[in-house]
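Here chain A shows up in two complexes: once beside chain B, once beside chain C.
Here is the complex of A and B:
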């Protein structure tokens, strides 16, 4: 055993080691920082935890947000979801699926000049309430819609 | 290297409608293969679209976004003939950038 090696490991600590690995090319910076990816929010297992991680513990309801999605999704692997926010100053839109293993599916940042409308497709494990969370002028608003799934899109 | 994205951008009355279709497995990390082994998660984590050097949309995704993700949004102040660029980065650090001309 090389005593010098032990010392190096001890003195650098885990953060130092990560940095060393990153510079040595073992870890790309994106692995360490994940481009600011909100790991806490995406890993949250319940709606309450997810909302907390997004800083939106008590979102208000709003008639100005429309969540367009089918009432029944035959294939849970591909469920089209469109969120349309008419709220002035819409800054971000997130799509949450209550009964998925991790509710947060996607979050979109809309700079000024970009309209408050996004469309995407998501996976649903089973019939669930789907939520659109909108941040407008620093306040959070949320609407929901139940989507029935006849064939789940997770596992298998 | 992942396949190119299909990007369609159409300007109408000063508003550009952008549709993007990406080519990605979007593996959740919860599915098992034929041998009963978990298939490791592999999904796009961040997406960003720029027009004239300005970000017009950025997104963070989890594994619940469908395989071969689709994305549609609208932004103002885009002209026909200008370029729009879209970049994604996945959880393995792979990335891809594609460009399209606004029609």
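Here is the complex of A and C:
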């Protein structure tokens, strides 16, 4: 426990607070969206459909995006994911999980001038590629990382 | 004790043990390690609570896949001897390989034992001022007495041995509270327990100090701890429910930089990652001079040099069960390692006189349990061992016991790498059974599984062993399988390694349900509804069998592994 960090969190700007609230489950990511809930994107069953619904059919790759997550999930029910975008003009960050029933797990709209960092926890049913999709200056960029969800036991 | 006294002790040990090839001159040569440089580290790891000398057979199957093929630690038998320039049929060949195991074990005798280790440590300290003794973990688990005393026997033995710094893995299966009690009481002011990759699940605060800086001969040396990254996955998560683990490469880089900024001239990672993970980590993190590794129980005779953006990092792995003591001497000048000497010393109990103080401690901690430990359960007429990628004779015995006692056509037993070996003719004492089974979640289970579920489980464990990216491996061996035949292609992709599953002469059916016996369940449900522990079941089975005859191991047919130097001949 770090009391100083608590204070810092309290005084963080609104976007940081919103991200924090979203992480804690107080807000659905949709509540943060200016244009409301993108129902089609969140209900889509495949990566291709989801990307299409988000208007991001062929995102470019970028080394200015960092997807931080464990290689093997300690608990598939709450997998910590962090995305850092150093792309100028980052407008939104979404997290997609290929093998989940609905790939789109979270979508964050970032007000202009916000640091491009979000953290969240996602549920994963099985080992899957996980994608961070970033919209910056109207263009889409995407990076991926495999996160393994294992049955456990039998180690060592 | 000076060196002359020590050599005298060695000679006395040799005389009393009467090893066949050991004249005192040979004995002297074997352990006479001249001092080099100004930084001296001794390292043991994965002793699995073996206080007494034991036999331990190295694996005849330790396959390396992809980039990991044909390189340490995935070399066994002759391939390993050849790569490291060791003579066949020598004392060292016996220490590092499975070759002619029974005959060589009778020739060279038992290995390890804390009283023997203590003598060796004292001698090395006598010639190396300031030398540190590092314990890589898996120390408080693996024997009846460690289980029954909640690790106290090992904690006391390590304090007497003079361990300076430690990290952990199986220690955590005693529960977070017990570990913290030991670290905050028994270890306080004596042993530093370090782990840069254990953080609280809520705020990500460090649970243990990430590193410690010790000074010797005018040189500041940082020892960073790396606990087993997949503890909450490979073992029950409920033991460490409030903690997160993981490899945490970026955090490690930050810690390395911090240690350097605080004046460390040499940086050492005391690691429980496993050797393949350590080799990858060494290629990506800058500023670590040496990774002293464990977990995968690989007795690797020489360090591997790994290049990275900051220069190079040496990577070692120091075997298991108290069989080896690693000695690393480095010449460190102006923050750089100019040169080094490394020796992984096998601890041959017949060549070393036991340290009286340590022997006394061992006798004292064992005394309350002496009768239980010495209880004979059966006699073996065949070599019993565990280590190897797919099966071992002691595991086969456990599988046979599970299937018989649970009336199940199929059994699973975890691919643990600890567990000692027994020679033909030895009595199987309760102590030996506990050496194979002493864990804090020992419950036996019977589960109705569909053929599809069985395949999923085998694929999942197989990927933990053979994923071409070591960061996705967990470092155990393949789950041991009884009753069921299969083909394994370690080079296949995830989900495509397990082929041709058969039960008797029939293919396994995906939608049919089968009774599967097992033990060591990781779920909280199993904890809350405890069933018979594996040692009780096996004790009943062994007593009924009385004599264990040579057996056929249930092994998978291997595909694409014909020329793999991690595959031995017997």
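Operating definition for what follows: the second predicted complex is superposed on the first by the 115 of 156 C-alpha atoms of A that agree within 3 Å, B and C clash if a C-alpha of one lies under 4 Å from a C-alpha of the other, contacts with A are read in each partner's own complex, and residues count from 1 in each chain.
Methods note: contacts are C-beta pairs under 8 Å (C-beta built on N, C-alpha and C of every residue); 3 or more make two chains touch, one makes a residue touch a chain.
For clarity, every value in this text was computed on a predicted model and none was experimentally measured.
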item: Contacts of A:150 with chain B and chain C, given as first, second, both or neither; value: second
item: Chain B versus chain C as contact partner of A:108, first or second or both or neither; value: first
item: Contacts of A:38 with chain B and chain C, given as first, second, both or neither; value: first
item: Which of chain B and chain C A:121 touches, first, second, both or neither; value: first
item: Chain C versus chain B, contacts on chain A by residue; value: B
item: Where chain A meets both chain C and chain B, residue numbers; value: 80, 153-156
item: Contact set on chain A toward chain C in their complex; value: 1-2, 5, 68, 70-75, 80, 127, 146, 148, 150-156
item: Interface residues, chain B side, partner chain A - complex; value: 15, 26, 28, 30-32, 45-46, 54-67, 69-77, 89, 91, 93, 95
item: Interfacial residue positions of chain A with respect to chain B in the complex; value: 28, 30-31, 34-38, 42, 77-80, 82, 97, 100-102, 104-111, 113-115, 117-124, 153-156
item: In the complex with chain A, residue positions of chain C that touch it; value: 138, 169-170, 202-203, 205, 228, 230, 232-235, 237, 244-247, 250, 295, 414-418, 456-457, 460-461, 463-464, 467, 469, 471-472, 474-476, 479, 494, 520-522
